[in-house]
Structures are given as C-alpha cells and as structure tokens.
Amino acid sequence: MSALTEMLRSHPQKPTTHFDAIARCIEACFECEQICVTCADACLAEEQVGMLRECIRLNLDCADLCGATGRLISRQARPEPALWRATLEACAQACRSCAEECAKHQDRHEHCRICKESCERCERACRDALQQMPSGGAESRH
Amino acid sequence: MSALTEMLRSHPQKPTTHFDAIARCIEACFECEQICVTCADACLAEEQVGMLRECIRLNLDCADLCGATGRLISRQARPEPALWRATLEACAQACRSCAEECAKHQDRHEHCRICKESCERCERACRDALQQMPSGGAESRH
Amino acid sequence: MSALTEMLRSHPQKPTTHFDAIARCIEACFECEQICVTCADACLAEEQVGMLRECIRLNLDCADLCGATGRLISRQARPEPALWRATLEACAQACRSCAEECAKHQDRHEHCRICKESCERCERACRDALQQMPSGGAESRH
Amino acid sequence: MSALTEMLRSHPQKPTTHFDAIARCIEACFECEQICVTCADACLAEEQVGMLRECIRLNLDCADLCGATGRLISRQARPEPALWRATLEACAQACRSCAEECAKHQDRHEHCRICKESCERCERACRDALQQMPSGGAESRH
C-alpha cells in the first residue's frame, strides 16, 4: 500500500463508494503534473525548440491543471459535485490537448512519448472518477 | 497602466479581439487566489473554527483553481479553445461555490464578506472572458 | 485601499509590527508570478526562441517560487520564523536569478525589461520583509 | 523503472553526477505535497479541529513549498546552484516544521503520523540532493 493510499484511508471522512477511482486519479494527476513539467524542460533543451513551442505551452497548461485537480480531489471530506465535475472535465481536456500535441513529436523525442502516455493515463483516471461520482450528487449534498 | 497590462501588451502574439476581458480575468484570478488563501487562514484563526470547515475547504479549492486558471490564460499566444472553455467554467464554478459558502458567514466575519466579493468579481470576469471567446474557435484552430 | 489590504486588515491575528512590509511583499510575489508566466510565454513566441531557453526556465522557476512564497506569507496568523526566512531568501534568489537573465534580453524584448523590473521589485519586497521580521523570532515562538 | 525515472532519463541534458538523488527528491516532494494537502483536509474533518489549527497551516505551507521545489528541480537542464540551494533549504525547513507539528498529534491521528513520516523522508531527500550538488557550482556555471 503506497503512502498516499494509506493516507487517504486514514481520513475521517473518506468516500466509501468510489475510493479506488479517486485514489488512482490523485496519483495520476500528480504524476502527470511532474512529467509535464519535465517534458517542457526537455523540449526547451532540444535543438529544434522552435518546433516544440506549442508542446511546451500545453505541457505547462496540463501541469497547472493536473496540480490544481490533484489538490482539489485530495480534499475529499465533502466534495462539491458540480465543482468536482467541472474540474475533472477541465483536467481531462488539458490531458487530451497535451497528449495530442505530444503524439506529434513522439517518434523523434522519447520524452514526448512518455508524456503522451502519462497524459492518456491521467485523462482516463479523470473520466473514471467522473463516471463513479454519485449521480444527482449536486442535489444530495444540501 | 498596470505592470500586468503593460506586460500583456508586449507579448508578440497577444489576442486582438478580447484583450481587455482576458487582462481583467487574469487580474481577477490572481487576486482571488490570494484572497482565498488569506480567508482560509483567517477562518482558521477564528474561535469558532468548527463552523468554518467547509468555508476553509472551498477557499482552498477556489485558490487552487484560480491560480491554475490565471496561469493558463496568461499563456495567451495560441489558446486552445476547448481547454480554455473547460478551465474558465471550472474556475467560475469554484468561485460560485466559495462565494455561496462565504455568504453564510459574512455577517459575522468581515474576511468572508471581502472574499465573497472577490469570488463574485472573479466569476464575472471568467464568464466575460468565456463570452468573448471566438465562437467555433475549437474548430478554427486546426 | 486594495481588496488585498482590506482582507489582510480583517484577519484576526494579523502582524502588528511589520504589516505594511508583508502586505507589499504578498502583492509583489503574486504580481511577479503572473508576469514571469507571461514572460515565459512571450519568449516562447519569439522567433529567436533558441536564445531564450535559459530565460524561459528562470521565468518558470521564479513564477513557482513567487507563487509559493505569496501563499506562505499570506498565512500570517502565526508565522514560523525559520521557515519564513528560508522561503523569503529562496524567493529573493529566484527573483535575482531571473532579473539577471532578463536583463540580457531587455534591449531586444520589452517583455524581458518589464519582467526584470517586476523581479527586482519582488526581490526588494522580500528583503524588506526579511529585515522587518522580529529578530530572535525563531526562539520567541516556543 | 517508474514513469518519472524513465522521463528524467529521456531528458537531453540530465545531470550525470547526482541523478539518483535528484530523482528521489522530486518523487519525495510531489508525494509530500499530496500527503500534506490530504492531512490538512483530514485535520479539518476532526472533531477537535481547534487543536489542529497550527498543523493545518504548516501542512499548507509544506505543500506549497514541496510543490514549488518539486517543479524547480524537475527543470534539470541547467540548474542555477544558488537558487537550487536556497530552494532545497526552504523545502527542507518546511518539511522540518511540519513534521515537528505533526509529531505532536501522531498518537491521536494516524494521518498526522503518516504525514510526519512523509515530511521526514522529503527533508532527508532535500538534504541528500543538497549534499550531492557540485561544490563551487555557483561559480562554475558562469
């Protein structure tokens, strides 16, 4: 059991119905943030940096969204369903945009291939977490 | 002219059609992040912190979303319309959730009143930026 | 009075002896974060991006340090003196490194000149806040 | 080999002499950020939240410093030694402060024990990375 999973299990108000999907999503978000930050820096170090401008931008966008989303869903005590949905949607979109751009460069740059795969994992994890959110949750909270 | 506006004007690929809405939105996001971080800390310092748990959580959620959104829309060279829309929607929702919770405490706590107003300004700024985004932009980019 | 100053004044445990230096430092940190994020993106849009790699990296480093520092010193209820000192030192150093790199490009790129000036303001604000911290604070807290 | 290690190895300008210490430090920083964010939220959910105010504050400080530090040292192409040192020092201090506070609550709250251990690992990883930085590096770079 990772330190993160152990941590989430010790939370006094952890979610009961979709704990695993959320735990995976948090791990995927923080991993993707870190990998996107590194991919941006690796792109900056490539000789043909001029062809990687858009990749660097989307790396940075994706890193910021993943970081904010990972933090938000780590605060699991009383999730605000409408906010979780909008945030997970935005994060999935950031991962999608970044993965598509990285895919264009993956044959030439190994770091873009690794980053694309991390973005795809994170997009899937966000969509899984979205699907497992209790339906009608927005109402049931109040 | 603020340093931020001057900075945005010096960008070689700044948006031409909705520059003012974006500049206002960036300023509102960074202001709201900062004010939400402070409101969370002020709530933590209140004697009746037990009644402010949900306010602190939404302060932190809103700060993280505003920070990520402010950074994303500061990268204005080649905005990715679907990503901008999803992110501005998520930020507007975070501001809405936080403003509603702060409103419950504003009579007792001045910092919650100030935070509520900042969140409302930021939500409006996000919605204005959303409205002024070129329609069909998601397609026109490719 | 700005929304931020009003907010800080409403905090139940605000510092009494060096309030103005801290308020200025918070504002400088968030401004510098935003301006560094924009300078990185503007550099990425320049034709000669290859000459600006180091500038982009230091912009991103400085943005991250300024963001974390601005948040830390916004939590002013019970500052941890050793932590505040180390953080303000790191932020001042990030601003120094970024300003020096931006200075090399300021004749060619207006955004680098504006960013250099913002970094210099933020470095000064950090050093002022450091100087006005109560001496021996690390001990007096316990 | 983790995705992160694989990513770092694909970077065209990775450090040769202290690669492992840096890779471990990046992983420790992102893990600690995530765990501190969760500990803050778990503390907020405890009945006796009033006794955990300082713990929540230091959790948030530590999360912000770890996040910024993890990002900075992920940009490994051409590290700025003075900046890396100051940042790693600040992060180690944040981990120290948070670990000491969490230790006071670890008998009562499992999440504080887990968080304390994560902070201690991250502090050690920062100090290891500091020790393995090339001495005199600040000068040799120019």
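For reference, chains read A, B, C and D in written order, and residue numbers begin at 1 within each chain.
Heads up, the rule we're going with is that a residue touches a chain if its C-beta (ideal position, glycine included) is under 8 Å from a C-beta of that chain, and two chains touch if they have at least 3 such contacts.
Keep in mind it's a predicted model, so treat the numbers as computed, not measured.
C-beta contact counts were set side by side for A-B and A-C; A-B has more.
Both copies, subunit B and subunit C, contribute mostly matching positions to the interface they share, with over half of the numbers common to the two.
Matching CA atoms, the turn from subunit C to subunit D amounts to 180°, rounded to the nearest 5. Averaged Cα coordinates give subunit A a centre that lies 20 Å from the centre of subunit B. Taking each chain's centre as the average of its CA atoms, subunit A and subunit C sit 27 Å apart.
Each of residues 40-41, 44-45, 53, 57, 60, 67, 71, 75, 77 in subunit C touches at least two other chains. Within the complex formed with subunit A, the subunit C residues making contact are 40-41, 44-45, 49-50, 53, 56-57, 60. Residues 3-4, 6-8, 10-13, 26, 30-31, 33-35, 37-42, 44-46, 63, 67, 70-71, 74-77, 109-111, 114-115, 117-118 of subunit A are the ones touching subunit D in the complex. Residue ranges on subunit C touching subunit D, taken from their complex, read 53-54, 57-58, 60-61, 64-65, 67-68, 71-72, 75, 77-78, 80, 82-83, 86-87, 89-90, 93-94, 97.
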